[in-house]
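Read the structure below first, then the notes.
Order of writing sets the labels: A, B, C and D. Residues in every chain begin at 1.
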Amino acid sequence: MSNLTIDELKESVYTANIALVQAGLVVLTWGNASAVDRERGVVAIKPSGVAYDVLTPKDIVLVSLETGELLPGETMRASSDTPTHVHLYQQWPEIGGIAHTHSRNATSWAQACREIPCYGTTHADTFYGPVPLARPLTSEEIDAGYELNTGVLIVEHFRENHLDPDHVPGIILSFHAPFAWGKTAAKAVEHAIVLEEVAGLALRTEQINAQAATTPQSILDKHFRRKHGADAYYGQPK
Amino acid sequence: MSNLTIDELKESVYTANIALVQAGLVVLTWGNASAVDRERGVVAIKPSGVAYDVLTPKDIVLVSLETGELLPGETMRASSDTPTHVHLYQQWPEIGGIAHTHSRNATSWAQACREIPCYGTTHADTFYGPVPLARPLTSEEIDAGYELNTGVLIVEHFRENHLDPDHVPGIILSFHAPFAWGKTAAKAVEHAIVLEEVAGLALRTEQINAQAATTPQSILDKHFRRKHGADAYYGQPK
Amino acid sequence: MSNLTIDELKESVYTANIALVQAGLVVLTWGNASAVDRERGVVAIKPSGVAYDVLTPKDIVLVSLETGELLPGETMRASSDTPTHVHLYQQWPEIGGIAHTHSRNATSWAQACREIPCYGTTHADTFYGPVPLARPLTSEEIDAGYELNTGVLIVEHFRENHLDPDHVPGIILSFHAPFAWGKTAAKAVEHAIVLEEVAGLALRTEQINAQAATTPQSILDKHFRRKHGADAYYGQPK
Amino acid sequence: MSNLTIDELKESVYTANIALVQAGLVVLTWGNASAVDRERGVVAIKPSGVAYDVLTPKDIVLVSLETGELLPGETMRASSDTPTHVHLYQQWPEIGGIAHTHSRNATSWAQACREIPCYGTTHADTFYGPVPLARPLTSEEIDAGYELNTGVLIVEHFRENHLDPDHVPGIILSFHAPFAWGKTAAKAVEHAIVLEEVAGLALRTEQINAQAATTPQSILDKHFRRKHGADAYYGQPK
């Protein structure tokens, strides 16, 4: 996103945060979105605990991509989840935006400590396989740095399970809630919406059929490739 | 719909697509509606992957009813589901409009791979019998033409099960989502709304009574005939 | 309601029908509300199958309380459910308005063919005991006059079960949907809203506790009497 | 709240009542919010049974903190739940506002007579432990003063279970509905919103995993302390 000015970067993060609210993913102040400008080494993120109806683009906080610290001149606290965001940006050069919510269905799966099975094409269009579940942090990890270690845990989970953040643009955290990401803050919001929708579909699918089967591999492959990679044909040419 | 100009045809398809969103059946770009003009041999359909809030009537794409190809002068890609729509129009001369969504409850039944039983009069007023479930496509069918073969499968399912598309104006596809149709694009949207509502009612009916019985034949017949055929008396005289 | 002019009567019925839509109880044209003017011997009711967004107060249809027939000069068909409404007004002189919907939770209980147990004070404030369930009509009753016999069945159910329509202002019909009533059309709408809410609460109550107990008699009595009868103290003095 | 004028106190209570409706926690007139001015010895509360769409700030009723009686000059009846509110204010000097609703998910848990387990961080951020369930009142308690004894029961439940109203800002009442409280009426509304959200999350968590575990103590402690006490770091500095 190096083609954006700092004001445009802040505006894009403001717009993404408001989009989370408008999509019904956020109650009270339970959510935040961010974006990174890798050329400038800057992450722009929502300030902590500020109500969405008084939030303005200039309230968006800038922190260093390298250290996670507030840039000089910043006066508001960044989101308490900032260390998670910064670690993901540091570890995954392919992502440009992150969205965190406590959206109702995705959070219910997180609390139930189950990954979300891929029950159909709505899921397969965006997530190639189940939405993964990260294990709970240990007491030691919590004490040593809760939010940073949340980021560490996510990256480790993807590495250990050979998952690609481009193909699986989100995760749910045990006893907590979802994180989603994408090339831009707007894409991260879109993936947070998809995650919430497929979480609701999966819950109802199991209620309708307790022995529901997951999507056959051939359909999974077809739907993911309709939208991703060299043979994608969904949408208008870019 | 031969009494419509091309502009009016596009307008009716635009209106139907927006009506899907307003009815809450569509999230992001997950839906499309179309209409056919049989005299002109033209199908009008939503462009692929275009956001509803920027869609305009002139964006609606025209394709040939005979070949499914873009008409000369069209510059946008048609919906990726166009081959499904075109095949249904080719095989079923009695329909004039089609709507496809990933609406929440209907898609959950599709993912659960169960037909939707007829549990009451709300269902029987529009669907004479269960909402049918099409089997999954095979790997070979997917590779040979996913969207076209989806249409072929729907038509085959109706023929093999002796179903009449006038009496059963919709279907759910295993691991995927619903399609609905009608005499016009507006009617297809109405039937997509009914399908979503009866899917939600059926889910809750089974939650309230795991041994729920389906509607007795006498009530099923009465309600369907109140609205269909020579003895219909619901609504105002046409 | 003899203190209303005919225009005011129509206006009140129009307002009640729109209130059903605004409360989220009605999808498409699946609902109707009516009121009776006993001095004039007139029932005012929604026309059949007319969309709510084009409905106007002057479209409200007048029929005879005695015969159920359209009054001279009426040109639109009355709701197909008119014989049910008229029979209830004929048999129950204490009611002044009726509302029929296919609201989501109440219709689910109707389809499940279970009465709605009284699980709490929200229910007891309006319904003194379970929301009753009427049996399905027989084939013979359907053939002999479906809508009239629906009304006959409701009145019989109340008489045989010693229920008072003032204390139990609604019912659900097997395989069909709810009816509610009250002193006015506005009160009938309010009771339809309560019926839908308690239907949803009861569904979730059983999901949370499959052995949920119904409300103790002492709490049931207390809550009903807070709002009804000589010792009522809820609300402002009339 | 002694820094507010009486008009400002009424305005804050009016705003809190409207906020309950806007948050979707209240149907019809099923809810009320209040605030206390301890210096003046006054409680401001919603009038009984008044529709929210005609409610104005000057309709808010003032009663004595000491006796619960209407202040001289008041002409409208206070909420029928006033004795519950007044007793809580009398017994708990640390609270400044109270909100009572029949919100859908919280009321379902109340009707199911189960406390709401703490299944995740959304819950732990506001409630340190389960949302407690008060036992049903006995017939004798109901006859001797239903609403006052509801308040007595809540206070006893907290004392007997060594709960702190600052750490557990709400309760659900068997067969009834939730109460929430906080430092101000606005905070009480916020806690009523949290209670409703965690009630819905907990219901779905159990549907997804019937053997769901409650939140480990280390995560519970971390999340509560992020927002409460000397080491809190969520939000902007006060």
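The rule is short, and it goes like this: contacts are C-beta pairs under 8 Å (C-beta built on N, C-alpha and C of every residue); 3 or more make two chains touch, one makes a residue touch a chain.
Every value quoted in this text rests on a predicted model; they were computed, and no experiment measured them.
Asker: Could you give the separation in Å between the centres of chain B and chain C, each centre being the mean of its C-alpha atoms?
Answerer: Result: the chain centres lie 33 Å from each other.
Asker: Please report how many Å separate the Cα centroid of chain A from that of chain C, as a whole number.
Answerer: Each chain's C-alpha centroid was found; their separation is 47 Å.
Asker: Where in chain A do residues touch at least two different other chains?
Answerer: 206-207
Asker: Between the chains shown, work out who touches whom and classify the graph as line, ring, star, complete or other.
Answerer: It is a ring, because the chains touch in a row that closes back on itself.
Asker: Identify every two-chain combination in which the chains touch.
Answerer: A-B, A-D, B-C, C-D
Asker: Over in the complex, which chain A residues touch chain D? Could you list them?
Answerer: Going through chain A, the ones touching chain D are 27-28, 30, 47-50, 76-77, 80, 102, 104-105, 107-114, 136-139, 142, 146, 175-177, 203, 206-207.
Asker: In their complex, what parts of chain B are in touch with chain C?
Answerer: On the chain B side, the touching residues are 119-122, 190, 193-194, 197, 200-202, 204-209, 212-213, 215-216, 218-219, 222, 226, 233-237.
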